[in-house]
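After this come two complexes, each holding subunit A, first together with subunit B and then together with subunit C.
Right after this comes the complex of A and B.
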């Protein structure tokens, strides 16, 4: 009973709800046979992960998660599904042997990771408990735009060049070049 | 009182291996891409949680998480362009039936 009351704080209850959503919908998203449903379940997972970031008091990364993942990537995926497959069409059935092999691989991975994780013996940082004030936008802006230690202007610029390269690359790949070859 | 750090790590471990399971079991290219998204998100949770619990005054894991999201978005856009091109040429996006590069 003492164990229960120690763990039934508001934070823990919210965490368990979010964890249940993430795991259940994550599992459904990889096992469902209809690909459009899988995309919808993935959307729920990404939403719940944004909730997890809010629980950690990191509002900015939660907003980025929502706008980039839930707003951008899932929409892209749904577009691709609608362009490529007929709506609600079922994918091929997977053989039981393949399922078994993948399940064994995944479960053995989980066991190894959990044994390592609990063998490590994390100690909860008390100063992390006291830090309830969230990171404000000013700090994030200075961290992104500075060139000193623990500041990230170079990765920021590299990311912008990278995104430009990706835009050009995806336009080139998605444009059908075969017609021009035939001319 | 905060949620213990182990809870987050167990959650991200389980999500990671759900993604690995989907990555192996899916035949559809878009399904594989969705499993990769799950894996990337599981890793991202780890970065942010370690930043929050180990070094809350610095933003290293936080920034790493942001850049992972950027790279994931770019990767998805390019992958979808490739998938659409493959579908245009072969009318199929199952990994078993895409064999033209093998020869």
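Right after this comes the complex of A and C.
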């Protein structure tokens, strides 16, 4: 019992609950035959991942996860799904051969990640703890806006050009589709 | 009792209380079903056909523009926190950042992507 209570701290329990949510809904979103439900399950997965970031006290990344992934990407996916014809029909059942091949691919992925994780030899390094504990918004801001070594103003500006390219690309594609829609 | 033990006790109690309430309600509540209860609206014109239909492409365009400017606000957050200490230099770089993105908005506007047709 003592071992159990030492292991079951509030942090660990919350982690296990979040991990269970991520695994269950991730599995459901892959196995469901209704495509809109898959998007909904994906939303729950992304939401729970934001919870994991909060558990690690990375508030900024949690906020990004919520606003960009759980907010933006899922909305985009849902709209993309709603553009599809014959939406109400269920997707076709996958053949046994495909199931076998994808199962082998998934299991080999799991094996590779597990081997890498256990081979890495994590150390309880205090200097590393200090480094990660002090990542607050001020640090991120100074890193993003400075021009010294290990500061990234140029990539920040390059990101704006990248976003501009994305906007122009999406407008070009969508306006072409609009014209086809009218015909 | 340590805080971990208290957490476990409270957690298990919460689960038992909620599930007990649900199970008791399921066991002893009276039930009646009829066709009208399955309808989506209580009153008004009966619905026809399925609710699944193809949406207009315009929705997708708005969603993707929303996503772009969503990412933009995310990149602006770290600057906003330390705005005062960065001073004019930081303001200039962010204004340049915004200028490039406003170009994208202007392009979308000119192409008529923001109009709802």
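Methods note: the second predicted complex is superposed on the first by the 158 of 183 C-alpha atoms of A that agree within 3 Å, B and C clash if a C-alpha of one lies under 4 Å from a C-alpha of the other, contacts with A are read in each partner's own complex, and residues count from 1 in each chain.
Rule of thumb we're sticking to: a residue touches a chain if its C-beta (ideal position, glycine included) is under 8 Å from a C-beta of that chain, and two chains touch if they have at least 3 such contacts.
Since the model is a prediction, treat every value here as computed from it, not as a measurement.
Chemist: After lining both complexes up on subunit A, report clash or fit for subunit B versus subunit C.
Modeler: The answer is fit.
Chemist: Applying the touch criterion given at the start, work out whether A:135 contacts subunit B, subunit C, both or neither, answering first, second, both or neither.
Modeler: In the superposition, A:135 touches subunit B alone.
Chemist: Could you figure out whether subunit B or subunit C reaches more residues of subunit A?
Modeler: Of subunit B and subunit C, more residues of subunit A lie in contact with B.
Chemist: Go through the superposed model and pick first if A:103 touches only subunit B, second if only subunit C, both, or neither.
Modeler: first
Chemist: Just checking: does A:168 make contact with subunit B only, subunit C only, both, or neither of them? Give me first, second, both or neither.
Modeler: second
Chemist: Considering only the touch criterion stated at the top, classify A:39 as touching first (subunit B), second (subunit C), both, or neither.
Modeler: first
Chemist: Tell me the contact category for A:56 with respect to subunit B and subunit C: first, second, both or neither.
Modeler: first
Chemist: Using the superposition on chain A described above, determine whether A:159 touches subunit B (first), subunit C (second), both, or neither.
Modeler: both
Chemist: Using the superposition on chain A described above, determine whether A:70 touches subunit B (first), subunit C (second), both, or neither.
Modeler: Neither: A:70 stays clear of subunit B and subunit C.
Chemist: Touching A:83, do we find subunit B (first), subunit C (second), both, or neither?
Modeler: Both: A:83 reaches subunit B and subunit C.
Chemist: Pick one for A:26: touches subunit B only (first), subunit C only (second), both, or neither.
Modeler: A:26 contacts subunit B only, not subunit C.
Chemist: Superposed on chain A, how close does subunit B come to subunit C by Cα atoms? Whole Å, please.
Modeler: Superposed model gives a least subunit B-subunit C C-alpha distance of 5 Å.
Chemist: Starting from the residues of subunit A touching subunit B, keep only those that also touch subunit C in the other complex, and list them.
Modeler: Overlap of subunit B and subunit C footprints on subunit A: residues 9, 64, 68, 72-73, 76, 79-80, 83-85, 140, 143-144, 159, 163, 166-167, 170-171, 174, 178.
Chemist: Which of the residues in subunit A end up touching subunit B in this complex?
Modeler: Residues of subunit A touching subunit B: 9, 11-12, 15, 19, 22-23, 26-27, 29-31, 35, 38-39, 42, 45-46, 49, 52-53, 55-58, 61, 64-65, 68-69, 72-73, 76-77, 79-81, 83-85, 91-92, 94, 98-99, 101-103, 105-107, 109-110, 113-114, 117-118, 122, 124-125, 127-129, 131, 135, 139-140, 143-144, 150, 152, 155, 159, 162-163, 166-167, 169-171, 173-174, 176, 178.
Chemist: Would you pull the subunit A residues touching subunit C in the complex into a rising list?
Modeler: Checking each residue of subunit A against subunit C gives 5-6, 8-10, 13, 60, 63-64, 67-68, 71-73, 75-76, 79-80, 82-85, 87-88, 137-138, 140-145, 153, 156-157, 159-161, 163-164, 166-168, 170-172, 174-175, 177-178, 181.
Chemist: For subunit C, which residues count as touching subunit A in their complex?
Modeler: 2-5, 7-8, 11, 50, 52-61, 63-68, 70-75, 77-82, 86, 90, 93-94, 96-98, 100-101, 103-105, 107-108, 111-113, 117
Chemist: Looking at the complex, which residues from subunit B come into contact with subunit A?
Modeler: Residue positions touching the partner: 1-11, 13-22, 24-28, 30-31, 33-35, 37-38, 41, 44-45, 48-49, 52-54, 56-60, 62-63, 65-67, 69-78, 80-85, 87-89, 93-94.
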